[in-house]
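A quick write-up on the structure given underneath.
As written, the chain order gives the labels A, B, C and D, with residue 1 at the start of each chain.
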Amino acid sequence: MNCRTDLALERQELLKEGEYSGVKVEKWKIENACVTQIEITDKNGEAAIGKPMGKYITVDLPEFSHESELLDGRLTALTETVKELLPKGAKNVLVAGLGNESITPDALGPMCAKQIFATRHIEENTAKELGLPSLNPVAAVSTGVLGQTGIETAEYIKGIAGLVRPDAVIIVDALASRRLSRLGKTVQLSDTGITPGSGVGNARAKIDESTIGVPVVAIGVPTVVDGATIVYDLTDGENKNENISREAGSMMVTPREIDTVISRAAKLLALSINCALQPQLEPELFLSLK
Amino acid sequence: MNCRTDLALERQELLKEGEYSGVKVEKWKIENACVTQIEITDKNGEAAIGKPMGKYITVDLPEFSHESELLDGRLTALTETVKELLPKGAKNVLVAGLGNESITPDALGPMCAKQIFATRHIEENTAKELGLPSLNPVAAVSTGVLGQTGIETAEYIKGIAGLVRPDAVIIVDALASRRLSRLGKTVQLSDTGITPGSGVGNARAKIDESTIGVPVVAIGVPTVVDGATIVYDLTDGENKNENISREAGSMMVTPREIDTVISRAAKLLALSINCALQPQLEPELFLSLK
Amino acid sequence: MNCRTDLALERQELLKEGEYSGVKVEKWKIENACVTQIEITDKNGEAAIGKPMGKYITVDLPEFSHESELLDGRLTALTETVKELLPKGAKNVLVAGLGNESITPDALGPMCAKQIFATRHIEENTAKELGLPSLNPVAAVSTGVLGQTGIETAEYIKGIAGLVRPDAVIIVDALASRRLSRLGKTVQLSDTGITPGSGVGNARAKIDESTIGVPVVAIGVPTVVDGATIVYDLTDGENKNENISREAGSMMVTPREIDTVISRAAKLLALSINCALQPQLEPELFLSLK
Amino acid sequence: MNCRTDLALERQELLKEGEYSGVKVEKWKIENACVTQIEITDKNGEAAIGKPMGKYITVDLPEFSHESELLDGRLTALTETVKELLPKGAKNVLVAGLGNESITPDALGPMCAKQIFATRHIEENTAKELGLPSLNPVAAVSTGVLGQTGIETAEYIKGIAGLVRPDAVIIVDALASRRLSRLGKTVQLSDTGITPGSGVGNARAKIDESTIGVPVVAIGVPTVVDGATIVYDLTDGENKNENISREAGSMMVTPREIDTVISRAAKLLALSINCALQPQLEPELFLSLK
């Protein structure tokens, strides 16, 4: 496949109807948001989509917009989806922001992690003194990237999870999309974890229940289109100019306002995760946190 | 012209040989750097290239590289070119960084301006006490962008220049290129100032001797390829998909490592300008400035 | 005077009652905020307080708090005070943020200026298309500091004002206070402009109607206590240890959470100024601006 | 003790000569740098100094200065001390930056960690292709702070160390000093790890061989004086004004140029650690890293 995308939805769109099995597609609406669920139910589905069995839910948003509008239907749609994908009764959760903070389109994970309401260290008494109800214990970390830390992201999370002993892990990461029109306007949530460089057989890198030991919910927003993908799509795969292909491979296409896109998306995801993990608190409370 | 580029060199490359006049092209080397000068000598040349009469010098660099390598041939090539384009005997110079600091690929100008050695306020005595020779009076500002300030860049510079009364102005700005291969690897220097949105007839925006009152040297590095340009080039102008064209128009293509590209380019340009404006000082001195 | 403070209120507190004239003190409340006005009415008052004739209004705030609380009484108190100090009928206003963006406690001015709603370039038609009423023309700049720009702040503002031709200038700057308890909890607003390094006789630096040509409203928040001041106060001026005094002079005392203090104060001031300059718009609109 | 300091040297200075045992003090010079070693050899020494047995080496530097001067004697002094404190033959090392990145005086650890040359993931072959000799495997992380992560720093490091299995851990943190004159001009290195809030009996927080499982070298630079300490010192402990004491307790005293102090100190420490961990490489190589 000459087209790089992290969205199950886009992989499914590339398939011809009727020629594959093991993939169930459903669509619905939550308030203003369109929701599409791709469920991969068997090995055939895995082969067709190129991703492991599980649910991949895409929430399409009108657009990540002004802060004052965060509390409209988008928040509900995302919060409900996060709750649905977490294992029943999960209270103790570790949130991990993936990606490189100093490369803007890759900074979604770290920026989101900073806005997670970490509560694992807050004792019952302290919460009571602050006038808060009982809190679910949440921890939040940024894993950095291999080139900075020398540690595989999967190992990093496994190390932290070994001590925190959460019921589930939520990972947040920037994604690549095939379509310019999806950049900053779509959230993919899945209960399968992720396999960075999937298909390449680098099992060490996989971040899922098999490596971490507890269920892993993955949440991401497409922030770039790969240069090579756009060349492929624009030329119907018939670009013969190898120079352009090579150059394009080290380029990325982003919206002009990428800095704003990332900061709004990070805020919305953090808010959704905070609301899903502490359903007893009002959303407005999280807005007033740093 | 469906192809957006700020490089005179790329506009000239689009022309067919022998079918235009008023344009002189010369190439030479300064140490490791390839230098191409496009000189537009008359109205015919202006019409062919779509830029005002003057010299446009492009310095191609192996790659903006590690700090420790700043003192190789690239610095010499750029410093010499800056000196050549400044009016003879210009000592009192205002350097203005253009662009939006909070959009990474547009932050070249402000990041460069911060590294200019501002000396206009340093009195002869103070310099002497610091063990420095006599300094040429240099001022440095960042103009912000219209949406942030409510002030046209040309007006902003004119206002400051009205008080500083420099012999010349140097403006530094991020450019758009047509070729991915030039991003972060080329510097264009000209003695003509710039006309943002040139061809659109917005005379108010022009930043040159006619609006500012003193010669204006423009220095820039291409940091993005316009989405529409890449679509046009890849499809030989035959893309019929209007959706893709519209979307592409609001996208930009940048190198993956754009944050590093910008910070290295800003450092190199600032160093070149500092060396050109204070030729009596050692380059190492500027490296030790914050 | 061995005690550095930029607050007229603190200078007045140092005086002995009944031993000076030309200073009128009034106090009142606007919603939750305590307001004290020191009015210097003649030369005697100028000599007693060490500041030029005019009004100095101090608004004491419970504490700069969470974003969600921005719309309580504090905003009203500040907005009303800004309106009162501006010349009647001033519509065209230039807002200038003073200070050094890269020194946290000095970054109040630049951070505030970035959040000013710049409208000078928005034409009547454009506003109408955006569904906005007619806008007063506002421009916003950051002046940087002398060491970075080589340009005195007063000159910088004069240069810009020469082109923008505003009815009034508002300058925003971080202040020094004498009391730790006032850091980040007080706003001083005056109609007198400011004289950086006042008393030192550096007339060039004065930023007021006499140098800029239009009335200058100055707004600031104390963010540091000078090291020397705290030594003086703690020892009742009887510290004999010259080493400590010298060292202390290059130190500053700030709240531990200075980064938060600055970002909240910048937001509150920007909001107040935006509301005062565009009274026809709802405050919520400004919150949704970046 | 009413005086907060993290420097063993300052605690020893507070003791009266001849009235304590179990503490050995030695001084020497490495090039331009003055080195003082406080060695605590038994329980008496622990009680006297209030810190666990081990070596505390303080390197006094003329001043953290320009980048171009990084390669003078200071680097040698620090590199040699790091090597001496690491267990013999330690090759596989985890470097952890402690502290809060978004509070300037506390950002030393995270800023240093970003500049550590992480090599653990670089295979022998890859190094060879890059023209590098064999590399010692180094990992680098930032632990964040409890309020952000919900995870104690000691737990965080233990979790990562459980997977990385290093021979030793190096932790880097900003310190509190008693003396203004030491801010940004002193480095303390010890082979004892650290106990945040030592004396408070919070054993969970201890970061040393007993909790992490391998030797822990702690490196820090004083960046603040506690407000309460300066009040105490200035008034010879006789301040009776409780208001001032309370306020001062939430304040900190920093050099005016704290942003520069932190960035230079982070660079110097990272360079020293890189040189100590990869002695087969030239120092200049690390300067050219990001």
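Here is the rule we use: a contact is a pair of C-beta atoms (placed from the backbone, for glycine too) under 8 Å apart; a residue touches a chain by one contact, two chains touch by 3 or more.
Just so it is clear, the model here is predicted, and its values are computed rather than measured.
Both copies, chain B and chain C, contribute mostly matching positions to the interface they share, with over half of the numbers common to the two.
Chain D is reached from chain C by a rotation of 180°, derived from superposing Cα atoms (nearest 5). Centre-to-centre separation of chain C and chain D, using mean CA positions: 39 Å.
Chain centres here are Cα averages; for chain B and chain D they lie 43 Å apart. Taking the mean of the C-alpha atoms as each chain's centre, chain A and chain D sit 36 Å apart. Residues of chain D found to touch two or more other chains are absent.
Within the complex formed with chain A, the residues of chain D that make contact are 114, 118-122, 137-142, 144, 146-152, 155-156, 158-164. Contacts from chain D toward chain C in the complex involve residues 102-104, 180-181, 183, 225, 227, 230-231, 234-235, 239, 243-244, 247-248, 250-259.
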